[in-house]
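Next up, some structures in structure tokens.
Same chain, two partners: subunit A is paired with subunit B first, then with subunit C.
The block that comes next holds the complex of A and B.
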């Protein structure tokens, strides 16, 4: 009897959940679904638009309350650091503050988005429940992006087979080359903390479209900025622009 | 009785997202791969299958049956019973899912000289790998090397054997010593259909041996 009640209840919940509308923006093309679609159904529409490089595709939804609140907390922490900083520190923090404030954020759904994968493995084919989604698909990016405590935001050509240190050799780009680590947001939305040294035992190549965050250097501030760095890079993962 | 009705309701509910054509297609694929052949190449399995099947051997592992799940945008997408996928273009492996290190991307597919290769056709492309290697350039030269009889499921086919001499060109930071290798493709001499291939997509990848069983039997009128 209990089994019967639970089953009927779950069918009812499923029915009413799927009755609400789902809207999806695929590179500007707007789609509306009355029932919660599977990701594969959405990607099927995307493939009609072109031959996409799935490893760098991104899916966002508009549940941004927590993300915006995190951004405000990070801004407050940076301002707190600013209130007691040297001239050199002030420049670094101000640059970073400007970047964080300018980001357009949505909640990134951190998983591999791939039409083939979605069709054969259920865990990569979730049902998209009521919300507004943004799906970004593109051809293979020929660049990587560097942001954070750099003199300027940098878009650099992707270098086949190159260790991450090759990208960071330019002193103008990387004014805090004394940091041991940088953070990388992979195209799948995973954050890696990477030893930047060419001589590091761990070989690390940047994927096309990867983003490198040059952190607030502990040498210029203190070891306490590490958690702030991690929060900034985690927030950056949700960046649409 | 009530439980049976509930199970039927749940099944209908779960399948409601699929069109009848898709359901039938997936059913046929599952059927093709649910045989008790234990991966052995069985003629009966191929003859009975409503979808195209091939037999694949990857590295040291045994033979597996794969079914052609999708044939779209000029690409053939073969899936195995354990939900691995081989994506090929004209029989050439260009993407994998579910292997130790998946090939995620192959560029310059429009330049692939197979199957209508000219003697000494070449192809340069680059590859991205799931385990952190991106943009590795590969150069290949295709050459007809021999006429050869091959046997598939008891039938003998007169084929043209084509050799692909492949080479890693990328000046990667990590030094490799095994940057050249050969792949082979066997084309039916009469129809030009690809019947078998033996291919590695990079020096460090497992070799795939693929036998296009449905294609072979269709050529002798057994399908």
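The block that comes next holds the complex of A and C.
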């Protein structure tokens, strides 16, 4: 009886202890901290694993409530759009809907994750207090991703010095997208709206690891689709997979 | 603030402009991409080809300073993109072929000058099938040498930009097409101006002429060469120069050999040089300088805010603690402390004083909070910062110490400064503990002034500079006396060859004696008055004052003003009886007296248009005219505020005289943008095209809107 009590007690204790501890998944390697660690000490562990390209490193936490409800709102808006769309559009929106539904989301922390910065400047070295984090570090990516109103997720080799339109030359890829603009999520988490049409002389080169969102065609006279596009891009930022 | 034709600025502007060119691009990664189309300026100012405007808009906050020079004209222009859809341009024109007036004794050998204001509004943005389209009016503020209206369309194709427009007035003088509005309505067929005739009053919006008379098409092509600094322009004009100010009598001074104009633009370190060949016979040289009011920034040499990782927390134990806190609050946090309430037995620390250096609230509170956290131990749970204005507690910021320290120590990844504090009216406790003694006694100070005036007959540029010496005595925090002496050090106002203009004026001369006032003496009493002001209820303030209130008027007055903390809306009422001061000596008065007062409303319109404020003053003005003064201001991210105002009263434009109604523009620039140390000061550069007597307000020496500003500031937030 006494033994049982102790077991229950110790279970309780370990439960509370684990609630306070912080776990971090670095590319599959799991670390547990009893006391909330500074980012730099986590990155120190990552550095031991290899030579990482910091501009494309990402940190996620498990505060996903808001993001999931945003996903549901976007899905219902897309469905609304689907209900009064032409046959041609239906396929595009359905594709997009499937993509959004399939995303695995965690909350991406909008901050530069960089071992050097974290050691130099306090504001890049926060104390990590959520219970679970996911850190993605990798070597310099050699690809860029295209998603959105194309039939399939396209992964393309990154071309140094190439203008964005070079990636989008394939007509199949973007025949349903807005003809003037695309959205780019840079590896370090900034969104650029890029004019890639014939009438612009804007020059835009993708950074390695950038993601290009081919948006739904936007209207000149209503900002409804434009704001939906922006919301989809913002949500895509939190994609883990 | 809103003076007559003379223009006041507290410090010079031109010398400092260079520093503004720096933008913050280099600090962000990923900015190697060339985002924007290159915009070039037209001869008359504003984005365009040479003589004609295009539909293109520069970026929000882009400010261009331009100069163009050819044989017949010189143009000085300033063009500002106030919103992405609105461009405004002001222009001084020097007509090199005409004398300023027919009387050399009046204006010497100076050539004719004119000023003008242009507006351009974007109607639609460019897209796959549609061009960018804009509509605009030119030269609405002056004598209409170039008055015109236009609709313009622009379509890009890679490095080419094609433009096509339709113009009326100056831009459409060749009349190559029939006026489309003329087909609709007879009255649009004739503009109603004959050869050699120009508007003599000027300054009005001549709505009755808009889109009337001869109409022509104009357009052109711009080409950006592969070499980034160089671009070319080709233009086809709609003007045939048949009615030209520089060639009023058609002597062949201005002729047009070709309707095509060409130009090359070369960009060098922020300067855009242009060389143009126009009308088939005229060479025009120009230079433009651009900076952006959103991104303008200045490097600062300041102490690092305190880190939360090595806090001293020893205020109560260390004998040097008090001294150190006062010094660091002043030098690290910019906070001039006038009273400190810190008691070992209490868990609240209250500081009274004012922020002297950091004009942005976030930075100010961050530094104050960190300095306090560095000094006080963890058992202090709350920091109260009571900010004073005119010796009175105005606003109290209650900082939750625990939350703040977590924020400042970067605990977690999403803590925000604004979640750590609450701004409120000073609490009863804080008011009760405030020792008024600190706000009493003598004070003195000095402030530089720079008064300038453009476009005068004697010389194009007139200026006066010196100091205002200020001193006073405060009997209680509410009651005091204050005096200002104006000491002129440098000026060329001795060039004045008349004191009062020769126009017959049917309305009282309340402001047009300005020349008499400013040239009377190098040292003069600008103001001398007693004043009282206090908080008389919740969020309600009142004041009364009497004496020599401003340069031109003496009298008594009072005001009540309502302003809750961080409210978008505040309003008040003032009433004054004033008598005109003599310009012959410091203390005697003239016969003219009047009752003047206004109901005023300040509304920060962020819900409608980001970072804008609308102010209305409704009531009776100095010349006994009744009406409303409307003021619209926009703040840019750099802290620069640009505004315009106009007064509409029951004075007719004939009675008013040149300019037709009171209007003016101003730009308020934080000195912070030029200095290596932070500062809260601002310089105001007003531009009043022409100032007359109608729609003029009293410059009240005590303004409750200013005194209570920190409760809901618009300029510095």
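To be clear about the criterion, the second predicted complex is superposed on the first by the 208 of 241 C-alpha atoms of A that agree within 3 Å, B and C clash if a C-alpha of one lies under 4 Å from a C-alpha of the other, contacts with A are read in each partner's own complex, and residues count from 1 in each chain.
Everything below uses one rule, namely that a residue touches a chain if its C-beta (ideal position, glycine included) is under 8 Å from a C-beta of that chain, and two chains touch if they have at least 3 such contacts.
Because the structure is predicted, anything quoted here is derived from the model rather than measured.
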- Message: I'd like to know which partner A:120 touches here: subunit B for first, subunit C for second, both or neither.
- Response: first
- First (subunit B), second (subunit C), both or neither touched by A:179: second
- Message: Just checking: does A:28 make contact with subunit B only, subunit C only, both, or neither of them? Give me first, second, both or neither.
- Response: neither
- Task: For A:55, select first, second, both or neither according to whether it touches subunit B, subunit C, the two together, or no partner.
- Result: both
- Message: By the touch definition at the top of the document, which applies to A:204: first (subunit B), second (subunit C), both, or neither?
- Response: both
- Task: Please work out whether A:129 is in contact with subunit B alone, subunit C alone, both, or neither, and reply first, second, both or neither.
- Result: second
- Message: Need the overlap of the two footprints on subunit A, from subunit B and from subunit C, as residue ranges.
- Response: 55, 203-205, 207
- Query: Can you list the subunit B residues touching subunit A in their complex?
  - Reply: 2-3, 6, 9-10, 13, 17, 69-70, 73, 77, 79, 83, 85, 87, 95, 97-98, 104-105, 107, 126, 128, 132-137, 170-174
- Query: Touching subunit B in the complex: which residues of subunit A?
  - Reply: 3-4, 7-8, 11, 14, 38, 41, 47, 51, 53-55, 114, 116-117, 119-121, 140, 158-163, 166, 203-208
- Note on the structure: So, in the complex, the side of subunit A touching subunit C is made of residues 36, 55, 59, 61, 109, 111, 122-123, 125-130, 179-180, 186, 188, 190, 192, 197-205, 207, 220
- Message: Using the touch definition from the top, list the residues of subunit C that touch subunit A in their complex.
- Response: 29-30, 32-37, 124-128, 130, 155-159, 224, 307, 309, 409-414
